[in-house]
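In the two assemblies presented below, chain A is common to both, partnered first by chain B and then by chain C.
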Partner chain A sequence: MSILGTRVVRTEDPLFLTRGAVYTDDLTDERLTGALHATFIRSQVAHGRLLSVDTSAALEAPGVVAVVTAADVTDLVPIPPPFPFINAEMTRPWLASDRVRFVGDPIAVVLTEERYQGEDAAEMVVVDVDPLPAVVGTAAAAADEVLLFPEAGTNLMASFGDPAPADFFDGCEVVVTQALVNQRVAPVPLETRAAAAAWSPDGRLTAWCTNQGAQQARGQFGDWLEMDPDLIHLITPDVGGGFGAKIGADPEYAFIAWLAKHVGRPVRWAESRSENLVGMLHGRAQDQVVTIGGRRDGTVEAYSLVFDQDCGAYPRIGAVLPTLTMLMAPGVYAFPKVHAQGRALATTTTSIGAYRGAGRPEATAAVERAIDLFAAEIGMDPAEVRRKNLLPAFSEPHTTPMGATYDNGDYTVALDKALEAAGYEELRAEQARRREAGDVRQLGIGLSVYVEITGADNGAGTKEAAELEVHADGTATVLTGTSPHGQGHATSWAMIASDQLGIPVEKITVLHGDTDLVPQGGGTMGSRSLQQGGAAVHQAAEELIEEARRRAAERLEVDPTDLVVDLGLAGLAVRGTPGAAVSFAELAEDERLLVNTVFNADAPTFPFGAHVAVVELDVESGKAQLTRLVAVDDAGTIINPLIAEGQRHGGFAQGVAQALLEEVLYDEDGNPTTSTLADYPFVSATEVPSFELVDMATPTPMNPLGAKGIGEAGTIGATPAVQNAVIDAAAHLGVRHVDMPVTPMRVWRAIQQATHTQQQEGN
Partner chain B sequence: MQVSITVNGEQRTDEVEPRLLLAHYLREVRGLRATNIGCDSTSCGACTVIVDGLSVKSCTVLTAQADGAQVTTLEGLTGADGELHPVQAAFRAEHGLQCGFCTPGMVMAAIGVLADNPDPTDREVREGLEGNLCRCTGYHNIVRAVLTAAQAGPAAGQVPQAQEVEA
Partner chain C sequence: MIPTAFDYVRARSVDEALAALTEHGEDAKLLAGGHSLLPIMKLRLAIPTVLIDIGGIPDLSYVRVEGDEVAVGAGTRLFEIERDEVVRAEVPLLSHVAGRVGDPQVRHRATLGGTVAHSDPASDVPTGLLALGGDVVVQGPAGRRSIPVTACWTGFFETDVAADEMVVEVRVPRTGSSGWGYEKFTRRENDWAIVAAAAVEGRVALANMAGTVVRAAATEEALARGASIAEAAALADQGTSPSSDMHADADYRRHLARLLTRRALETAAAA
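Showing the complex of A and B:
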């Protein structure tokens, strides 16, 4: 029986559970002996002119070796925008020189012998800033009254799409429009950012940093430090979570390398959580307007999504997310007309990057909310409205009005499975009973049906590299360009190789995250790893078998076509001749048995699913408790269900967190008010239930494994289901919409307002 | 100042700064880096260790306060024969960890939960672990792991007996 599809426990875990993983701040590498500790001094003001930075007192403090300001950084040019379509004036200085643009903007760095000394000395650096008005929120940014980059002449980083034609909704019996906030959230991987750097006398840099793809990070180091990437050895140690916020390198990482060169000693840096919550990229942050029109029989005829993406102070991945939101705007629906338009805007806040789902949760949240609004307007069950508008099952590629080509899907079955597992009819009956009785605790049932894009071209194409070697002692090594940080690739990639070669999983070592070992790779992001990196391992195993076949045919003096893989032996056997066989290990005795390959997927895949959320809402306090989350997530063939389920669970909790709890907040002066974990309402174990998972697997033809991405399904599907559930719980009181996070205060207010309106209408 | 602390059965005397946090002492002075630091507001629990039989957040304790104490960290859970503690074994079996950053603290906190309540419900495990944050697992498999560990009996709520090292 194939090992694929079985619940193999992770090979990573024994070390993680006994010695602990080795994260960047845990490194004891001898190249870092005597390393100085870097402590950044960051702006406490959202926007202002930087008048002076007085380092004299800090320089006298114990253990201080150097205090570096912008004046010292004469050999680096500011970082240009990461995409060609962004206003080119919006560059990022390494350290602020004349202007600060968000609370957290780096101004200076102290280098000390010991960590605690850095905190002491940092407090002695005196920064004088002449405040300018803050730009908080996309409306303020779009007004262009206060500019972050006066030389750019605008706060508009980029603009995508055109307005809808004036007659777009003509002929619709019903048109509903609603402004939605897809709020800013903080990714909060439990490991904060950290980096270390050491130079060797020959001018080679060894850099360690916590990231989601060493090769991409090395490329950025090379660009920014104007170095030949071959002179950079970038190592990704164990990584304590990324969620998109650790894609590529952060400027601080490369700056640690610059500092090490500047002072001629190794330097290391690990930020505190409060630094992380202002310094690391945030996610989401879209202000949307949805408009949906159609017939009273439930048929939707036209849908429009117009939105502004808050990008924060400096352009990062956030500036390109509108394109993904637009691409996925119609989701699973067969809307005849779809319109989407987005703008990317600069504000005096932390920059926005990718956060689990990155642009797609925003699209799904919008359309799933729109469907519910439409259903409420025409008085139809939201499940029924969805069913009427879902794309029919398709097994040949389907191209949407937004130009996405979905590989395959059966959305109706996904919805039906979710409804059935949830017991939808009984839930509605129970809801009716509680409404009738006027219970304080009302039941809310929320739905979402989603499709997402995974394995999209992330700049490195839709391909991934793998190297596979079988050693003479019967073990094997896999080198991969993916960059696991919790996803269990060491286990799954070993399973894929084992399945074809017969070498047990325990004997297969998977290596990654070291650019000397693996120079090419796309990293782990966008739910790409299995369908590209896993498929590359599969392809490598096939190629290795062919090489082994050639050698075995010579050795056994048979025709290569007479040889078959003998999994029990982990080698090749002559068909029909018992005893005539040779193992892969033996074939590696005289000459290394090794292949290098690149798998190219050519195109992304489109996993899909349906979620049903059930909440109990206390209509007097407005507090909602999520009691159930039932999820169908179809990501094609599953290699390791244990790991795939874990990916779903984690995404669900983050989705629930966005729907109910988490939000990064700024006051009107641009001061963050959620910059510690005491203030940021990170979801805890008591706020989520155990999840109910339903299986569905529609293999994709896009790769030989049949696998689609599973990493982001949870945040895409769960968020709107939970938001819809809370609103549904108060629907009978007249509540049609509450923005996320649907906090008790917001729900309570919405109920008060709706009741008030109903009373007035009753008079 | 001087402190004498037994960590995972090994007693040592060290000269430390009065303000040194126990978490930093364990990591940097004792070189035990499984214990992680995930916040600066005593919110995340990544730093949880067992001090004199109680699970505590080691970022809230000054090293000086632990003078004379018995401390157990993740590294001290495994038996000499390499056998996993019931909570470690359950975390592996139930896939209760992904990136592993919350794990050392979560495992120690779970032992604390089981010490207080050897046969908890799903809800009680969740309440017991409320102060330990995990971004990867959605808590689902962590809760399952703790419930699984509970089936191993009282050993799941205990740390290995501290062994005095011979002077």
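Showing the complex of A and C:
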């Protein structure tokens, strides 16, 4: 029986759980002996002219070796926008020189012998800022009255798509339109950002940083520091979560390397949680308007999504997310007409990056809310409206009006499985009973059906490298260009190799995150790792067997076609000749048995699913308690159910958190008001129920494993289901929409307003 | 997230702690469980230059029945109060509110004296104590004195405890089998209350409706004149001055105060 599809316990966990992982801040590498500690001085003002930075007092403070300001950074050019379609004037200085653009914008760096000295000295740096009006929210940005980059002449970073034709909804019996907020959230990885750097006398840089892809980070270091990437050895130590916010390198990481060169000593940096909540990329932050039109029989004829993406102060990945939202706008539905248009705007806030789902949860939340609004308007069950408009099952690629080519899917079965597992009819009956009785605790049932894109081209194509070597002692090594930071690749990649070679999982070591060992790789993001990196390991194992077959044929003096893999032996045996066999280990005795390969995926894959959320809403207080989450998540073939379920659990928690709890807030002056975990309501285990998982697996033809991505399903599917459930619980009181996070206060107020409106209409 | 430099003094007795307080004056802070003090020091919102650790003082942790009162030592951990059989039997509301603070890790560190002295208007234990009545016993250079709980909390993070005094005991009337109710409204289980209401024997105290925990005086007066729970609870926010923050605005807090008071009174009446 194949090991694939079995619940192999994660081999990396004993180390994480006992000795503890070695994160960047834990490094004791001898190259970092005598390293100075960097402490950033960050703007406390959202927007203003930087008049002066007085470092004289700090320079006298104990342990201070240097205080660096923009005036010292004469040999670096500002960081250009990361995409060619962004206004080229929107560059990012390494340290603010004449203007600060968000609370958290780096202004100076103190370098000290001991870390604690840095915080004391940082308080002695006197920064004088002449405040300018803050630009908070996309409406303020789009007004272009206050510009972050006056030389750009606008706050518009980029614009995507055109307005809908004037007659787009002509002929629809019913048209519903609604403004939606897909709020800004913070990724909050347990490990905050950290970096370290040391230069060797030959001009080679060794840099450590916490990220989701060492090779990509090295490329950015090379671009920014204007260095040959071959002179950079970038190491990604153990990483404590990323959720997209650690894709690539942050400017601070490369600046640590610059500082090390500047002072001629190794330098290290690890940020505090408060610094993380303003300095690390945030996610989501779209202001959307959905319009949905169709017939009273439930058929949707036209759908439009127009939105503004808040990108924060400097363009990062957030500026490209509108394209993903637009691509996935129609989701699982067979809408004949689809329109999407997005703008990317600069605001005086923390920059927006990728966050678990990155552009797709925003698309799903919009269309799933729109479907519910349409259902409410025509008075039809939202499950029925969905069923009526779902794309029929397809096994050949299907191209949507937005140009996405879905590989395969059966959305109706996914929905039906979820409804059946939830006991949908019984839930609706219980809801009716409670409504009839006027219970304080009303039941809400929320649905979402989703499809997402995984393994999309992240700039490095849809390919991944793998190296596989079997050693003479019977062990094997896998080198991968993916970059696990919680995903369990050490286990899954070993399972894939073991499945082909018969070498036990515990004898296979998976290495990653070191550009000297693995020069090429696409990292871990966009749910790409298994379908590309795992498939590369699979391909490497096949190629290794072919090389072994060639050697074994010579050694055993047989025809290569007479050799078959003997998994018990972990080698090759001659068909029909007992005892005539040789192990892979033996074949590695005289010459290394090693292959290097690159797997090229034909295209991205499109996992899909359906979620049903059940909430109990206290209509007197407005507080909703999520009591059930039933989830069908079809990610094709599952290699390790234990790991896939863990991915779903974590994603659900973060998805629930966006629906009910989390929101990064700024006041009108651009001051963050959620910059500690006392104020930012980070989700914990006490806020989620035990999840009810339903299996469904439709293998993709895009890779030999049949695997699609699973890492982001939770935040894509769960969020709209939970939001819809809360609104559904108050629907009989006249509530049609409440923005996320669906807080008790918002729900209570929506109920008050709806009740008031109904009373007035009753008069 | 690193505090400014401070000196550390370990007191072995209340007298030693008081002597250190007198010596260092306003720059000193008493350290007990540390779960309120250390975070605000890390955020540099508090910058004491001397910490006097009273965690090792013997005999500050006890629960004793003394006449009509239960006396609880200031060094008693909230976890112990939550589990203590005497507290559970004689002052069940106190046991309950102690068990609603933070999470088990916090409750194993946090002390009764610490939460009383901190005077956070969102705190569970002061809310329960204010509804229960009784006294906070403090000791200073001039000896011991009792502060009625109604006079203990004077402002946001401010108390009637002088800079050279420390809380040594809390005395609470035995309510025994009297009905009680505690309604704590949070978005997450482990959070501070957005609003909370404690009710026992016709007294009602509210968390987070002003700069300190406060009594719902209008509700209590209405109950005393025989008003229904619904009528009395509708007056709960009278005389309060709730703030607005990212979790709730003042109007919503007023609504919650009325709602939670009604529910706490109903629970108390149902006992």
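FYI, the second predicted complex is superposed on the first by the 763 of 763 C-alpha atoms of A that agree within 3 Å, B and C clash if a C-alpha of one lies under 4 Å from a C-alpha of the other, contacts with A are read in each partner's own complex, and residues count from 1 in each chain.
The criterion applied here is as follows: contacts are C-beta pairs under 8 Å (C-beta built on N, C-alpha and C of every residue); 3 or more make two chains touch, one makes a residue touch a chain.
All values derive from a computational prediction rather than experimental measurement.
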* When the two structures are laid over each other on chain A, do chain B and chain C clash or fit? -> fit
* Is A:Thr673 contacted by the first partner chain B, the second partner chain C, both or neither? -> second
* Asked: Touch check for A:Glu620: first (chain B), second (chain C), both, or neither?
  -> second
* **Contacts of A:Arg273 with chain B and chain C, given as first, second, both or neither** => both
* Asked: Which partner does A:Thr686 contact after superposing on A: first (chain B), second (chain C), both, neither?
  -> both
* Name the chain, either chain B or chain C, that contacts more residues of chain A. => B
* To do: Name the contact category of A:Met696: first (chain B only), second (chain C only), both, or neither.
  => neither
* First (chain B), second (chain C), both or neither touched by A:Arg10 -> first
* Between the C-alpha centres of chain B and chain C, what angle is opened at the C-alpha centre of chain A, expressed to the nearest 10°? -> 40
* Asked: Of the two partner chains, chain B (first) and chain C (second), which one does A:Ala70 touch, if any: first, second, both, or neither?
  -> neither
* Could you say whether A:Gln654 touches chain B, chain C, both of them, or neither, answering first, second, both or neither? => first
* Could you say whether A:Ile378 touches chain B, chain C, both of them, or neither, answering first, second, both or neither? => neither
* To do: Pick out the closest CA atoms of chain B and chain C after fitting on chain A and give their distance in Å.
  => 5
* **Contact residues common to both interfaces of chain A (with chain B and with chain C)** => 115-116, 272-274, 676, 678-679, 684, 686
* Structure fact -> Interface with chain B, chain A side, in the complex: residues 9-10, 12-14, 16-23, 26, 28, 115-116, 187-192, 238-241, 243, 272-274, 485-488, 642-643, 645-646, 649-654, 676-679, 682, 684-686, 688, 690-691, 714
* Report the residues of chain C in contact with chain A in the complex, numbered from low to high. => 1-2, 4-5, 39, 43-44, 185, 187-191, 245-249, 252, 255-256, 259
* Residues of chain A that touch chain C when the two form their complex -> 115-116, 119-120, 123, 272-274, 620-621, 623, 660-661, 665, 673-674, 676, 678-679, 681, 683-684, 686-687, 743-745, 748-749
* **chain A-facing residues of chain B, complex** => 17, 19-20, 24, 27-28, 31, 33-36, 38-44, 46, 74-75, 77-78, 84, 88, 91-93, 95, 97-104, 107, 122, 125-127, 129-144
